[in-house]
Each structure stands twice: as structure tokens, then as C-alpha cells.
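Next come the structures, one after another.
Both of the next two complexes hold chain A, though its partner changes from chain B to chain C.
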Partner chain A sequence: MIIARFLGPRVWILVGLILAAAVLVPLANLALPPGHPLHMPSYLVPLFGKYVTYALLALALDLVWGYVGILSLGHGAFFALGGYAMGMYLMRQIGSRGVYGNPILPDFMVFLNWKALPWYWSGFDAFWFAALMVMLVPGLLAFVFGFFAFRSRVTGVYLSIITQAMTYALLLAFFRNDMGFGGNNGLTDFKDILGFPIQAAATRAGLFSASCIALAIGVLLVGWITRSKLGKLMIAVRDAESRTRFIGWRPEDVKLFAFTVSAVMAGIAGALYVPQVGIINPSEFAPVNSIEVVVWAAVGGRGTLIGPILGALLVNYGKTVFTAIAPDSWLFVLGGLFVFVTLVLPRGIVGTIDHGWDAWRARRRSAAKEKGESGDGDGSILPHPAE
Partner chain B sequence: MMRLVRQFLVFLLIALILPIGAYAQSSDPAALIQSFGGKQSFDDTEAVVKKLAAAGDPQVARALNALSKGDLVYRKSDNQVFIASGRGTVDLFDPLTGTKVGEAASRDFSKVRVKNSIRRAVTDALGSLTLRSPDPNTRMAAAGTLFSTATPEAMKTLDAAIAAETVPAIKTKLEEARAAAVLKSDEPAAAKVEAVKTLAGKGDRETLAMIRGVAATSKDAQLKQAATTAAVSIENTIATWTILQNVWYGLSLGSVLLLAAIGLAITFGVMGVINMAHGEMVMLGAYTTFVVQELIRTHAPGLFEVSLAIALPLAFLVSGAVGLVMERCLIRFLYGRPLETLLATFGVSLILQQAVRTIFGPSNREVGNPDFMSGAFDIGLMSVTWNRLWIIVFALVVFVALLALLNKTALGLQMRAVTQNRKMAAAMGIRTPWVDAMTFALGSGIAGIAGVALSQIDNVSPNLGQGYIIDSFMVVVFGGVGNLWGTLVGAMSLGVVNKFLEPYAGAVLGKIVVLVLIILFIQKRPRGLFAQKGRFVDA
Partner chain C sequence: MVEHDDMREPLGQDGIAPGASPDDVAAGPSSDPAKADTISSVVSPHPYAAEMRRRRLAAEAQGRARRETLLYLDGVTKSFDGFKAINNLSLVIERGEMRAIIGPNGAGKTTMMDIITGKTRPDRGAVYFNGAVDLTKHDEAAIASMGIGRKFQKPTVFESHTVEDNIRLSLAGPRSVVEALVHRKSTAERERIAEILATIRLTDKRRTFAANLSHGQKQWLEIGMLLAQDPELLLVDEPVAGMTDAETVETARLLREIAATRSVVVVEHDMSFVRELSVKVTCLHEGSVLSEGTLEAVSNDPKVIEVYLGR
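Right, the complex of A and B next:
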């Protein structure tokens, strides 16, 4: 209850911060001259944009892991599927500017001697269709997958392992040339998006802002869902699935809803990621990628709104720094992070601070009560949603 | 003095008799070889080769080989034939026995000229000659070669060889070669029908092509009929063998999966601990093999044949020790929190991978196969490689040993007790933390042993483990958690299904299909093929 009172403004402060970044970063890049101390170099904009899409992905995972207790090791797959949908749109936008100058077929299809565009590529020349697919494909996969998995009560680590198997199967599938998604080279060499040249600083600034706005909407959506009655039900499923079922709810429906929404969010994150990094290839499906997302959420603090965002930003900033100074050491750091977080910081950074804060308040209140008159024993530490 | 005299007399005798013998008995091989001497036409040379083949003495093979290589020379002065080697001053060898008889200047000698048709005649002659070799393996190989090269002319030689042959297997081969020769000849249709019947029993792809050719070109109705029937029967034989070969490949893959998964069946199946670093334990075992072989190569090359036997216990100890450290320092704090265990062990797997990459480099390391692991042999139409066979045997041995350990030893009893009811086991005086540590070390150690075996068939690289971890989990989940038999059946059936899907769907798509099938299977039976029943289900 304390948390509910406190989280109201917290969500809005977070959204405000994200939107401020959406405005300030492009301004610092475009409006300020290069010599200015606050000028943001152009190469940093897509890098930060990438972090923001990662944050959205981590938030999506947090919705299922932090609030419903489903540890998905396949969110990288939803992210990559969204990315591929966007990549297909971007490929079609190349038109006849490709190496082979074919107005219809992307370069790799000309190279593979394909004569016509496969049926599943049709429609991707329209942005609205691609945008729809960005949400529909991961959403549908998650819905079907979740429908079967949750209905037959596959839970816990079993679910984690089959989600990992899912992304592994997709990894193998997308490596195949005859899938029609560019094989192991993937989709790249994009020219423009919605008519704007993709390499231009202004387009990149725009993409950064779009990513921030998507993240802000994601925060509001997750905040709204988790604070609704449904959100309470989600937490109930996480903490005591059988009990929730016995009371008369259907945990599988709750899980399916969260899983599907989360996959759609991951897909959108992937779609925003691809134009900013300029490539999408099957390695995005690698099980390791999905599991890295888990560590972002774990480091920041799952079951909170700020946690996964903070975790994604911190870990990825650390990755950028470490791979720059000592490329070999990054896996040691990442591996150490996994161990450290699970052993020492199971609530994550935000979760630990929250917990400490709650404990401190509870102690102070019970001390105050003791001073006044002997209390009714309500001074115990309140459970945090992260538990 | 006496010796010298005797030698001289013997020499004189030979010098006197030889020329006479040469003319008197033209089938004497030594004399025949001498008739290569002197200037003669290609046709003459070829005629001599044919005579040598007809004489059928395997000893002349040396001279014939020298002839086709162009090493057979004759002395210009007296037309005597030698095998020569070297330039300028050449070493001379007796063409029949191969003993060195002296040295001379090469300008005194001329080469016996050969052309391709003569070389072909030599090859044919050698083929029929080796049929009479005293070594059964040579005869077997010769019969095999003759099958594909048989000409109608070879029939007589084959008839003679069949009559003389005592080993039944070689006799069969010879008869098949003869049948092949008959089909190519102008023999009457009845003989050809007979030949087709003989060949139907052989039933490989080469024969099938031959018989199909007969069926297509033959004008005789009866022969056509016989050939068509035979072709169908051979097709069936081939199909059967293809299935058997697929089963074999499947069992081979299954044994690899079993090796990789069996340690996991202990840690995940028995203890319920998700060890994402399990693949890295396998990798450590493979690298232990590499290190052992490197040490042997530099310090004791003679021990290479037993390098795997040395590596096995070491790999068990290395991986087991790493597992023990992991359990004591990490996993024991996370019992009852499977998702956290998954994450922490994944972190460990990253660290181990990077550590190996830093120490040994990112590229594949070479691990050699000892002799008993290399090579292959044929069963029917199926090729069996020794390393795959040994790995299947090894996987089964490990499986049985583990089963015995779990069911017959005190540690196994304690392990099962702790798994079934931790509190009760503790109350009975079992040191449960110690049993946990030992179980985890055992599972990890077995993964290390698996690494030794896998180093023989897979690339030893830091990513070795990653390739197996998902498959291993699939096997354990498919087979049913906490059940070794389930792991065995799961591994073997996954292996076989995978290999049967491959020809239809391709290797990658086959794998995807299997993954999808498992995902669907888990929907139907979330607790695996051999699910635990009763009160342990939620334990």
C-alpha cells in the first residue's frame, strides 16, 4: 500500500525523464554546434537509441518474469522477429538501388537466383503493413506457443527450457538460405525509412525519439496493467499459482495475456532496433542474447518498472565500455554479473533500494508506535512485489 | 676356395640350361619375362603379357608392375631383361625374384617400350594373377576389383580360380565377378539368366546399375523378366540396408546425446538443479583430452594409443572438481530457487567458456584418434566407423556403471534417499549437504568423461558445450526427469528420429522438426516419457 502511493508519481517521473531524453538528445545532437560542451556526437545517437530499445525489451521481459513469474528465455526471438519484419520493409525500400539493381527482389534473392518474391514478402513495401506485422508476428507466435504451454501447465524451468528451444529452432531456421530471409547474412544495406535516408543524423535523431516514446508508452502500459486488477491477479499467479486457481481464476489466461503483450512489446523494440543498427541477422536469435536480457532485468530489479530499464542501460553501457578496453574480459564480467546478482542481489538494484527503504520506514513506524502505545503488531516488514 | 668353385659350377649350369628351357618350355615365367628383351613391336610385348597372365604364376607380378612403370629394361648387348632403378648408373634387379644383381651404366640398356593398351593388359593380367595369391585378403580384393572390370576374356581365368578357391566368401565373390563377365559376353541367354540370379544375391548399387542395364537392353524376354525381378529384389535389399544404416546413424547420434545428457540426468533429473554450465563440463573433458595428448606428444609419444584411457579419469576429476567447487560456492545457496540457479550457472558457463578461450585460444584444437578409433568396416551395404562403434559401447558402459552406482552402492542409496525425502534422509543420519555435493560432482564428472568421447568426433573448441546443452535438456525432459532409463530411451529415440528426418527434411530442418515435436510432446506429457508417479511428482 505504501508502494502503491509511492509508485503513482514514480511512474510519471520515469515517463517524464524518458520523454525529456527523447527531446534533449536530438536537440543536443542537431541544434548545438559540434564545438559546444553539451554537443552530442552523431555516433552516440544510434548507440543510445539501441540502449533504449534494449530497455524496452527488458521491460517486456519484466512484465512476464517480474510480474507473472514466467522466466522466458525466448524473448530475443520475439525481438528478432519484430526486427525481421522491419528489416523486410527496409529491404523493400531499397528498390533498384541494390547491387544488382533489381527493383523488386532484394540482392540476396537475385544472388540465389530467385525469380519472384516469396508470398510472405508481399505487402512489406507498405509501412503500415510492416508495422502491423512487427506486432502481429511475435504476438501470434507467443499466443500460440503460450496457449499450448500454459494450457498443459508447463511451468518453471520446463517453460524456460522450451522457450530456449524455441529461439534455438528459429535460429537454425533463419540460418537457412531457402527460408528467404537472407540466410546468415540477414538483411542489411538499408537505404531509407519512410522516405528519410537512414544514415542521416536527423533520421537517427528521429528514430531515437521514436524509441524513447515507445519506451515511455511501454512504461505506462506495463504500469497500468500491473496496477490494475489484472496486475494483482498476475502477482497472485506468480506467488501462488495453485491457490489462485483454487480460488477460481484461470492462471493460464492471465499468463497468456501477459506473455502475448510482452512479445508484442519485444517485437516493437526489435523493429526500432533494426533501423538504428542497420542490420538484422539470425544471430539475434541466439539463446545467449535472450538470456542476456534476463540479466538486464535481474540487475536492475525485476518486478519494478524502473529496474529493467536501469539494468538494460547499465549493463549495455558496461558492455560498450568493456568491449572497448578489453574485449576478452566482457564475458567474464557478464558471467560474474549473473553469479553476483543471483547470490548477492536477488532483488536487483532497484528492488534492493526499495526493500531497504520499506524496511527502514516500517522500523521507524513501529518504533514510533512503541513510543506511543504498544502496537497491534502491524510493524512487520511489508512484502515487496518483487518477492 | 671350394665355395667359389661350386658357385662357378652352378652359374655355368644355369647359364647352359636357361636358354634351352626358354625355348623348350615357354610357360616358364622366368623365360617368358626374358622374351621381353630385344627390339620388338608393341603387339609382341602385349602378347608376352597375355602369355604371362595365362601362365598364372603370381611371381611375375613384379616384372609386370615394372613394365607398366617403365622400369623394365634389357641389355643391348645380350637382350637380357632386368628391372632398373636410378639414373646414369642404375641398380639392376632380377625381374622374377627382385634380388639385386649389380650396377651398370644406363646407356647400355634399353627400356621395354609400353603404351596405354599394354598398361591396360598389364592391369588385367595382374587382376587375374592376384586371384592366385596365397594371401586370402589379396584374393578377396582382386575378386572385388574384377567384378567391376570383368571382361568376357576373364571368364576362363575366373573359372580356374573358382575351381581352385577354398574360402567360401571369396568363392562367392569370384562367382559374382564371373556372372558380371557373363553379362558382358555373348553367352546364350540361359547362361545370362543364371548370372542375373547369382548377382541378385549380391544386391548393391553397382550391381543394380548393371542389372538395370541388362533389363533395359536385353532382347530375350526371359532374360528381361529375370533381370527386372532381380532389380526389384536388389532395390528392396538396398532399401533395407538404408534403413539399417539410418538406424545405425541414429543410434550413434543417440549415444552421443546419451553421453552428453546422462550427467545432466543426475544433476537435473535427480537433484533438480538446472546446470546451464553442463555443456562446459563436457568441454572441459574434451580439453583435458587435448592437454593429455599434447603432453604425451612431447614427453612420451609411445603412450599415444592409451591417451584416451589416461584422459578418462583425469577428465572425470577435472570436471568433477569444477562441479564440486560450483556446488559448494554457488549452487548450495540456491536450492529451491531453480530459476536463479539457471541464471547463476549460465554465468558460470560464460566464465568457463571465456577462460578456456583465453587459455587455449578461440580456434579448434586438434585431438587425435588412436588407431583403434580410426577406420571403418562394412557390414553388408552398411559402413560402420570404429569411433562411432566405440562411442556407442562406451555410452552404454557409462550408463550401466551409473545405474549400478545408483542402485548398488551406499552413495547411490543415499542419493536416492535425499532425492526422495530430504528431511527424512537427514533424520536417518545422512549428511545431505555432502550427498548433494557428491551427486553434483558425479554428474559433472560424467560430463567430463563424455567430453573425452566427444573429442573424438567433434571439434574441440570453447563452444563445444553450447552445441549440446539444449539437446541434452531436451533428452532429459523428453525421457522424464529423475529416470535414467528414460534418458536412455529419450536419447536413442531422439537420435534415430533425427536421422530418419534428415534425408527428407535436411539436417537443419530435421533438427527444427525434432525440437517442435518435443515442444508438442511436452504439451501432452509435461513430465516426460517416463514420468514419476505418485507422491514424488511434486517433490
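Right, the complex of A and C next:
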């Protein structure tokens, strides 16, 4: 109960909804016959599963952008690295079922006339090792990157630009065939995951549930961090970094912690994404992908925990619908959406609702006060950091 | 106060009267070499040995001056693109002392605080805290933890936190990320916060977001955040800028209250406020000390009248 109170009702409602989806969607897909009005068609399950991994990615970004004020334009890189680590595991699971039938080497290596597996591919036949790398590789990159960037006090737009440069550099690197990650085509043609056929409806339902559970754990983790004293310190760093320094804190440590945790979360999201979409290639490192994540968080409302999740789901649903109607204009819609949100809804959807609710309560409280009723505190409207 | 007296005791034995004015102490580093020479020539015939002894005595005198003071600046210089914001500045603050610093705009008052708190590295000169600590070798966070609190010229508080949380984040204690993550609120912590809120007259605002405070209240909150760190020395940059007259009087009272147990350096333009504090005054001009003494003496100093008050 103490923990329940500690995290607040909002987090628990959200976790409840996510876990309900984790159960209900697979049920609606597997247990209900195709004719049933509530039946969920099989093609929708991995699509929704993809949205859920995007939501986890948006939540990860919210931890650094919404709470610590680090506008990372490179979170797609951590997502993609987690995805590649999972992709390497899935490639090793193909075994001799590839086009060239080589029991060890993935097809693209046979095609390149490679004789042996590069050293960095070893171990990826074991799921536990791949799972470890899914977290370790993005986490380590974020730690090293953040260590230097934050210690040299790179902030604001300069930091955003170097995060963007980071993902772009990785994009170029992963395009190269001699990197050993399948070059332009990336990793695909997966067969099994943990021994289950990856195309099977039950496997996909399982992957959907796993994504939901990962998201729920992410919500609990971010909820715990942001409601702790450290969370208050993060907001303090976001709003007045130099103040925190002069009362003895080291903002670079706070940022490094948030950035690393966030990168690990993004890596896990990427690892769950890859088996559901069936491919990982260098385009996941494209700078525009990272910018899209920022748009999701901005639309939903950064620094609200629930907002970025909502934003990721809404914008991606919109994207699916819109690209079916007018495939070429998505980028314009995305840009327009960002401009619209920045100008009209700077707090995002959830932030705007929260603010309206707080203002209404403050008004009611001051009205109650005038009537002589007891009311605690005064005018407690939380200001928006952008103001 | 007891501990301050304790620390002053041995100084008397060292030959400097406990009540010696900071000026006397400040003279230490550049003490008269002729005097040292006469002593050394009696004791030691060899000129080389005499020179060594003279140097040792000078170093000792300097060391003693440093040890006896809380804050010790000697020959500090800092230039920005060739412009000397601080120029051979020497300043000594004693334990338990409250000092007012005045001076025209651009005199280098804020830059001096930047140097003391580790934000700016001086090009030259010595900056010592508590006698032994060379402040030029530490960063802001370390210096803050050593016991130097600083209020900015522009009030800076955590706007999206409540008054209470602002104080809580500033309370002296561990400063590690992991501790902050698993930190539990304690009764001692609550009591300390209540105590500070009472001191800064914000008890009834404890649950108000700092953004919704008036300008004057933000200044007080920031002073409260300094107090929460339990510092030995408070550097307060223009605390009454933009305050109403009533708030100014209240602030003077607050600072005097704080100065009863700590050393305080206040930078201020408001002369009626400085008068209210009734402490020793230093006037800075073009990065160095122009005049120092009682407010009476400083404000009657012709140099001060010319560059600052006479405008």
C-alpha cells in the first residue's frame, strides 16, 4: 500500500490499462472466432505491438526531455541498436534454413564471401546474451556519450545537434557492408524466436503482451524515478541548472543517470519492435526517426508520463491511416503537427488537460476560501517550464 | 559563535590581537620586507640563509593571515578579452563577519562572487577558504558542499517546485544520485525545513509553487535555500533589488539574524539598506578595492564620492 500511495493513482491506472491490453488483445485475436464482432484480425496484432514499442520509446525520451530538459534528437539510435542486437539473435536462429543453407553464417555474410563469423557476432545465438546486449550496448553508448557531453557542459541546442550527429554517424556506419550488419538490407527473414515460429499468430500475440509488459514496467520505473527526490532534482536541473550546482549537486550526474536509463529503455523498445515488424535496417537510424519521437512526446505532453505514450499511439495511428491515403505527404503532416502543437498546444494534450484541471481546482479553492470555508494553500497552478 | 571564538583563540597567541581588524591581517601577505631583514640579519650571518629565512617568515605570515580568516583573496586578477573585470583584488573576510560590498555597475562584484564560488577561474591570485582550501582548484558543487552558499543577482529558485521542495533539495546532506533516488523523508528533515521556513517568513507558503511567489518572496526563498545548506559563508548578490521598502527592511533584519551565526557578504547598491545593516563596507571599483571601513568613512572618502556616490 505504501508503494501504491508512493506512485500515485495515475501511474496505477495507466499500468492497469496497459496490462488489460496485454491480456485482452491476444484474447480477442486468438480466442474469438473470426466472425465475432470483437475479433481482432491477426494483421492488427503486430501493428498494435509496434505502436506499444513506440510508446515505450516515447516514454524513454520523456524521462530525459520532459523531466531533465535534455532534448535528445538521437533516441532513435538507441532504439535501433537494441533492435540490431535482437536482430542478430534472430539471424542466428535461422541456422541452415537460409537461402545458402550455411549453418553458421547469415546469408549476407555468405554472399560477401566471409568465411567465419566476426567476433562481435559470437554469443548472439544465446537469447540471454542478446537480451543483455539489447540493454548494454545502448546503455554503454549513452553513458560514454553523456559522460563527455555533460561533463563539458554541452547543453541546449548544441547537445541536440550532437545527438542528431550521433545517430547520423551510426546510420552511415550501418550502411556499410563491411560492418557486418547486413549493410543496406539490414537483418531480416527471421524464422524463430525462442523456438516459436515468428509468423505464428500465437507468437505475435505473445510479442504484443511482452511489449505491453515492458511498457508497464517502464511506466513504473519512470514513475518511481520521477516521484523520488531524484525526480525533483531532475526537474530542478531542467528549470535552473546553475542553481543546483551552487547548492552542491552535480547536474551532469543527474543527466547521465537519466540519459543512460532512458537509452536502455529505448534499446528494449527496439528489441521488441524488430521481431514484430520482421526487419531491422539502417534506416532506423535516420535522423527523422528521432525527430518523430520528439513529436510524439510533444503532442502528448512532455513531462507528464502518460502524455508521450498517448502521443506515440495517436500519432502513429494517424500515420498508418494517413500513409494509406497519401503516402508521400506524411512528412508534411508531421511537420505541420509539430508547428501546430508548438504554437497552439505547447503543453501537449495531457499537459493542457492537467493545467486546465489545476486552474479549475485553484479557482474553486479560492472561491471556497472567500465563502469562509477552509482551504489549504493558495493559487497552486504549476507553471509550464516553457513559460 | 562559540566555535568561532575557539578558532580565534590561538591567533592571539600567535601574536596578533584577537580583535585585529581585517586590514591588519590583510597586510600579512605583503608584510614589510625591511622588518623581516633586520630580524634575520641578527640571527643568521649568511646572506643566503637570511634570504631563506626572510622568505620563510613571509610565507608564514601569509599562511597565518590565511589561516585566521574565513575567506582570503590576494592579488586576484581576471580579464575577459583583455578587459580586467577583477584587477589585483585583495579582500579578507573574518569568521562571523558580515560585510557589505558596494560599487558602481561593472565594478566586478558579481565576478568576484563567480571566482569565490568556482564559476570563474581567476587568471592570477590566491583564493582561500578556511585558511587551507584553495578555492581555485574546486568546482561549484564542491565549493557549495564546503560551506559557501550563493544567492544570484537575479533570483533563481526552482519554479515548478513548491517552496518546501525547494528547501528540501537544498538541505545539507549527501549529494549522490543513488541516495536521491532512494531517499526517504525524515522527521529531522521536516523539522529543519519548518525552521528555515519560519526564518525566511514563508511558513504559510510551504505548499505554494515557487513560480507563484512575489519577487521579494523568491529572494527570501533563495536565501532560505542557502540556509538549508548550512553554509559557513553566504554570498548574497543584491538581495533587495526590486523589493518594496517594507520588504527591504525585513530583508535587512533577516540577514542580520543569519549573520549572528554565519559569515555573510552582501553586495548591494541600495545605500539605505547598507546603512540598515551597519557593518563594515568595501567599495569596489574597476575590479579592485577603492575604499574600506565603516559606512561613514567610505561614504566620505573623496574617491568613492567621485566614482560612485557623487553621480
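Assume the second predicted complex is superposed on the first by the 368 of 387 C-alpha atoms of A that agree within 3 Å, B and C clash if a C-alpha of one lies under 4 Å from a C-alpha of the other, contacts with A are read in each partner's own complex, and residues count from 1 in each chain.
By our rule, a residue touches a chain if its C-beta (ideal position, glycine included) is under 8 Å from a C-beta of that chain, and two chains touch if they have at least 3 such contacts.
Note that the structure is predicted; figures quoted are calculated from it, not measured.
> With everything superposed onto chain A, say whether chain B and chain C fit together or clash.
In the arrangement built by aligning on chain A, the partners chain C and chain B fit side by side.
> Looking only at chain A, is it chain B or chain C that touches more of its residues?
More residues of chain A are touched by B.
> Does the superposition put A:229 against chain B (first), chain C (second), both, or neither?
second
> Put simply, what angle do chain B and chain C open at chain A, by C-alpha centres, to the nearest 10°?
So the C-alpha centres give an angle of 90 degrees.
> For A:113 in the superposed arrangement: first (chain B), second (chain C), both or neither?
In the superposition, A:113 touches no partner, neither chain B nor chain C.
> So, does A:96 touch the first partner chain B, the second partner chain C, both, or neither?
Neither: A:96 stays clear of chain B and chain C.
> Using the superposition on chain A described above, determine whether A:339 touches chain B (first), chain C (second), both, or neither.
Touch status of A:339: first partner only.
> Is A:157 contacted by the first partner chain B, the second partner chain C, both or neither?
A:157: touches chain B, not chain C.
> With both complexes overlaid on chain A, does A:294 touch chain B (first), chain C (second), both or neither?
first
> After superposing the two complexes, find the smallest distance in angstrom between C-alpha atoms of chain B and C-alpha atoms of chain C.
The answer is 5 Å, the least C-alpha separation in the overlay.
> In the complex, go through chain A and note every residue touching chain B.
71, 145, 148-149, 151-154, 156-158, 160-162, 164-166, 168-169, 172-173, 175-176, 287, 291, 294-295, 298, 328, 331-332, 334-339, 341-343, 346
> Going by the contact rule set out above, which residues of chain C touch chain A in the complex?
Residue list for chain C touching chain A: 117, 119, 140-141, 144-145, 149-150, 152, 156-162, 165, 168-170, 175-177, 180-183, 205, 207-209, 211-212, 225-226, 228-229.
> Under the touch definition given earlier, write down the residues of chain B that touch chain A in their complex.
So the residues of chain B touching chain A come out as 274, 330, 333-334, 338-344, 346-351, 353-355, 357-358, 470, 473-474, 477, 508-509, 511-512, 515-516, 518-520, 522-524, 526.
> Please output the residues of chain A touching chain C within their complex, sorted ascending.
225, 228-230, 232-233, 235-236, 239-240, 242-250, 253-254, 257, 376-383, 385
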